[in-house]
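The letters A, B and C name the chains in turn, as written, and every chain counts its residues from 1.
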Amino acid sequence: MSKKRTWLLPGLLACALLTSACARAYILEDLGMILGVGFDLADDGKLLQTVVMPSLSQGKGPSVIAITSKGDLVKEARENISMSSDRQVVSGQMRTAIFSEKLARHGIWSTLDTLLRDVNITKSLFLCISDGDTREILKRDYPTRPSSGRYLYELFKKEARNYTVPRTTIQKFDRDFHEIGTDPYVPYIRLQGELIAASGTALFRDDKFVGSISPEETKMMLLLRGTGEGGDIKQSLSERTESRIGQPAQMMLTFVRTKHDLQIDQKQGKPLLTYTVEVEGQVIEYTGLAPLSADTLPSISKQLEKGLESRMRDLIDHLQHKYKVDPLGIGTHLRATGRFGKWDRAKWRKLYEEAEIKVNFHMRIVRTGLTR
Amino acid sequence: MSEGRKPRRRRAQPSRSFQQSERVHFALHSLNTFQVAILITNTQFGVGIFNLPRVVVEAAGHDGWMSVLLAGVIVQVALILMVILLRRFEHLDLYGICRRIFGKWIGNALGLLFALYCVAVAAVVSRTYVEVVQSWLFPTTSTNVFYLLILIPCTYAATGGIRVLGRFGTAILLGTIWIAFLLIVPARDIQLNYYLPLFEAPLLDIAKGSWNVSASVVGFELLLLIYPFIQKKQKTLMAVSSGSWLTITLYLSTVLVAIGFYSTEQLITIMSPTLHMAQIVELPMIERVEHIEIATWSFMIVITVSTYLWAAGRYLHKLTKMKEATGVYCCVPLLLWIGLIPQDMYLLDQFEKLLGTIGSSVSLCFAPLLLVLSLVLRKKGAGSEGFDQPQDKEVNAS
Amino acid sequence: MFLMMKLLRTIMKKMHNRPRADRPDDQPRTLPEGPLGSFDENIKQMKEAFNSCNDVLLRELPPGLVVGGGRTFIAYIESLSPYQAVDRALATFHSLIEKPQRIRPDETTGNAQVLTVETIQDAVAKVLDGWTVCMSDRSASAYAFNTYIPPVRPIDRSETESVMLGPQEAFTESIQSNLGLIRKRLRTPQLKFEFMTIGTYTHTYVAIAYLSGITQQEYIDSIRARLEHVETDGIFDASDLAQRIDDNPVSPFPQYHMTERPERVVSHLLDGKTAVVVDGSPLVLTSPASFIEFFQSSEDYSNRWVSASVIRTLRLVGVLISISLSAVYVAVVTYHYQMIPSDMLITLTESRSRVPFPPVYETLLLEVTIELLREAGARLPTKVGQTIGIVGGIVIGQAAVSAGLTSNILVIAVALSTIASFITPSYIMSTALRAIRFPLIILAGWWGMYGLFLGLLMIMIHFLRLSSLGAPYFSPFAPLRLSDWKDTFLRVPTPWMNYRSTNTRPRETQRQPFEAEITPPATPTSAKWDSGRRSDPDDGQGGDQP
């Protein structure tokens, strides 16, 4: 390379340094990182936002602080928060977002929109609905975890493994919301005394909250929706069995694995869906007096199947007719068959109401534990 | 002893046995088959893949993945025609072919247009990438600095010549292959229902989607320029086809995973589904893997831009007698200028679309057009164009 | 960066472009030319040449002492020729002059070598080579006797390249001894040594070594031509010479292997490389070198393949850590807080909150401190050096954290990357990587992950452009040569290393026959060797031995 070219690139480099120099820094200790956020509806209809941030008090005092502010828009409320903090408020470490039930009934999409649009917020943000004010939940101190946001995050992760609450990230909500054929659903929490308790699922119709179902019903629902594992299932056997307590015997199964198969037919223009679910599990608790042996197991399995089927029927009835929501994704299944012509929301709702859904269980008890 | 100044010596020159006649052409045979395939793949991989799932689904719905396959087939046909054209003209590259068919003046004018096209593509690709970096990693900083920064390695690589670019391609492959594995995590959440019912979209929509895809597979027309450097010319077709199908396979898997992971209506609302999917991945030590993915993507962009820049510099090298490196340096100011024109998203978008259309037309139609003209005008063979002189004296080339 | 240096060089050349006609004229510029004249003329010329060289003894011996009936003039360097050798030389001279028919020059008598000296220039050169030159007025020619026994260090262990297993001999500064160490390990006439002299003032002997059946002719020619083109006052060390015959002297990375261990040189020669042995330097240069070879150590071949592979992979990972860990810390803490795992977040933030500097300065401060410690420790005598190491490492690190100058995590990161930087077997390469670390930290401080990756990209492109003696530097990764991968991240078991590495394009590619082709010994010693044996039972008669 000859000399006549040596001025060119250094000249460019000099220009590079003269133009706006380095990138804008977000130095770690100058940031107020939002760990969790809660949205409430204020009495005047404005949005009430509570954020939880680490307080860096270095051992003295609480390790997180919670700040609340009001605004029409989420970002406006965020600005108000930032005005009362000496740190730069950023949302890159946000892990949980809670909505109050009151707000959710009016629809949460407008709030979610900003969370989706922001490039800093990760898509594995957990959502949940609380029955009371989110402010109360977030302001509390939890002895086992540094912050309430983290506490919720860990709670959901654990409970989702037991299938008592679903695991809804913002990505999943977005997907179900947009899909014409599924309604989103979100974990539901409740403040019980000093602690937060996960208590089932909140059902949504489009983006509005319509009702909630209990943890047991959540397990049922997730049996049909989930990916092959169910948590622990409690089931009463029929009235004819005896137990120590004087009530019908009850059995708890653990490490449940399911496989489900869906058959879609048409009966007089209405869709007929038949789920065949194969459940296998291990017995962890049994209050009956009759021992579990090879003779009694088949009939016990039959009783379990009947019990599960009736519970499922009730659940589906609630979903279809009482709440009129479709968290099971029936609409998507119907759409996938391609038999119902052009697909839109109205058709989906109509077909869903008319659909007849049957669930057949095949129960298999794999193990009974250490004793019979 | 020596009196006065020492004799000038820039670098140790090897002894004369080194410059035997059989060694004169080694610089020409610098790319082996594998390097050709990888270079084609790397030049095709630009920023297109970030928006690719959205773009095909917008056109063809959840059957968009078929557009990708169709685009692959079209590219294959174009490559076959390209190779026929190149074989017809022995060891010439595009500029030589233009000169042979049209004579010196028009041939050089066409070459100039192609060189300008190369510079424009280089500018738009790097500029788009820098926009992505800026919007994902550094939301508040201006894009110009990043743009200038990325041009530095591009120039450094382009001045090294085709040999460095060939090796660069291989090294990049080794460095970025891990990104493909990031698809495994969203693939676990696929809903099979989103693919069904198959063949719902009409063929016209799929074709429209294909046209959108073709803007992302542009890059294989650089085969026209690297042809003189290929070692085993009879394996060219196999090499470039495998490179192109590798790209198509990677695109296809991304699109398939995206269609399964996102519902169709959701996918249309997301700007860059590929990057979104990378966000789902959770590793124990690092939270946001897509930051590393975007930073690693710079490698891919640099080789695309360097190859295009080298192609433009080569025009100047062929036209005047300057060295290839000088030619590249002369193209850099133009690259800078074009890249700094669009300052907002919409202007950039228009640039991209314009260049996508031009790119698709050039890559798919230019070579067949030249082939037809050469048949009609009955021109073939290398004529008076000689071999290229070796640029540097490297033994053990590839 | 690279071009800025070119710019600087241009500027410096312009500044230093002064005429060279400013040398004082008291010394003759050239050695005296011309054939030997009369006895007195010769003496005068020799005395003129060695004017003020008081260690060169120019003695005129009275008549009859050595040569009957004639004066003798003898010139030798006292420190290089012990008196016993000079005595022997004189005795041989006496025999040569007195009884010319009994002994002829160019014959070896015992250890001595005798040569006829024709010109004054030759005589002066021979004296400077350590020989003893004797002239007499009874004969027209002068003779030189090899009495060169220089002070030389005994063969000892290598300081910079020590291994656990394997021979511990290292090269010394004497070229004769070094050549001997190589020759005794390669007992084949194919091992060629070509001598030449480099340096107008130092006249350093340099030997090019290669195996003629294996090494590619181009490399030999290339090395020879490069060495012939070196015009300089003198070379002090092999590393100095290496930078003059480099493909790219501006690059921070070495393009020659420099080793003090003979078995490494032998192994390189067997691979098809050329070696350059320099007098006065315990380092031997071998080339062509490739990047991955700087991370191979002779211990890898002494160990078994599993442990060798693990250690080799560890080395390569360690290199990556050592250049980028601090930069990653800077980038993440300054720009990419989202990448920190939630569990680490609060501890990291709290420890950072005590530090008054931005992360870049904090890191640079700590890195510079560690480099100062390292450089200082290299210069100190061993006993004090260890104390400083402990003081520096533990006390300063801990004190820095308590004083709030750095954070805990950074101390660990910097310490880890420092330790990882020692893992490179080649000292030159490890210093090069150390130097590279700083630009990466600065780039990460300005432009975060993007800047860091661009820096790594520039380094990679630099490797791709680099060549060593014409062979690509980043082989076997960049010109992808999968057959050479058997010696990169892992070292395949020895029976599978049948082919030589292709980077040097050896003329003979196969190093050892394939396992299947090996015929078992006549007497089976174990089950493995038993399998190929044709058993011909011999009816129980006679012995059982072949």
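Keep this in mind: a contact is a pair of C-beta atoms (placed from the backbone, for glycine too) under 8 Å apart; a residue touches a chain by one contact, two chains touch by 3 or more.
Just so it is clear, the model here is predicted, and its values are computed rather than measured.
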Q: Could you tell me which chain's Cα centre is nearest to the average position of every protein Cα atom shown?
A: B
Q. Does B-C or A-C have the larger number of C-beta pairs in contact?
A. B-C
Q: Could you please state the distance in Å, as a whole number, between where the Cα atoms of chain B are centred and where those of chain C are centred?
A: 42
Q: Between chain A and chain C, tell me the centre distance in angstrom, where each centre is the average of that chain's C-alpha atoms.
A: 65
Q. Of all residues in chain B, which are in touch with two or more distinct other chains?
A. 138, 145, 149, 152, 287-288
Q) Which positions in chain A touch two or more other chains at once? A) 1, 5, 9, 13, 21-23, 92, 120, 122
Q: Would you pick out the residues of chain C that each touch at least 2 other chains?
A: 335-336, 338, 340, 342, 447-448, 450
(Q) Under the stated contact criterion, what part of chain B meets chain A in this complex? (A) 135-136, 138-142, 144-145, 148-149, 151-152, 155, 159, 191-194, 196-197, 200, 261-266, 269, 276, 279-280, 282, 287-288, 325-326, 329, 332, 336
Q | Sites on chain A touched by chain C in the complex | A | 1, 3, 5-7, 9-10, 13, 21-23, 25-29, 31, 33, 35, 54, 56, 58, 63, 90, 92-93, 95, 120, 122, 146, 150, 153
Q.
Using the touch definition from the top, list the residues of chain C that touch chain B in their complex.
A. 2, 20, 29-30, 200, 216-219, 221-222, 224-226, 229-231, 245, 247, 288, 335-336, 338-342, 447-454, 457-458, 460-462, 464-465, 467, 469-472, 474, 477-480, 503, 505
Q | Residues of chain C touching chain A in the complex | A | 3-4, 6-7, 10, 333-338, 340, 342, 345-346, 348-350, 352-355, 358-359, 445-448, 450
Q. In their shared complex, at which residues does chain B touch chain C?
A. 1-7, 9, 11-15, 17-18, 32, 34-35, 133, 137-138, 145-146, 149-150, 152-153, 156-157, 160, 164, 166-168, 170-171, 174-175, 284-288, 291-292, 295-296, 298-299, 302, 393-398
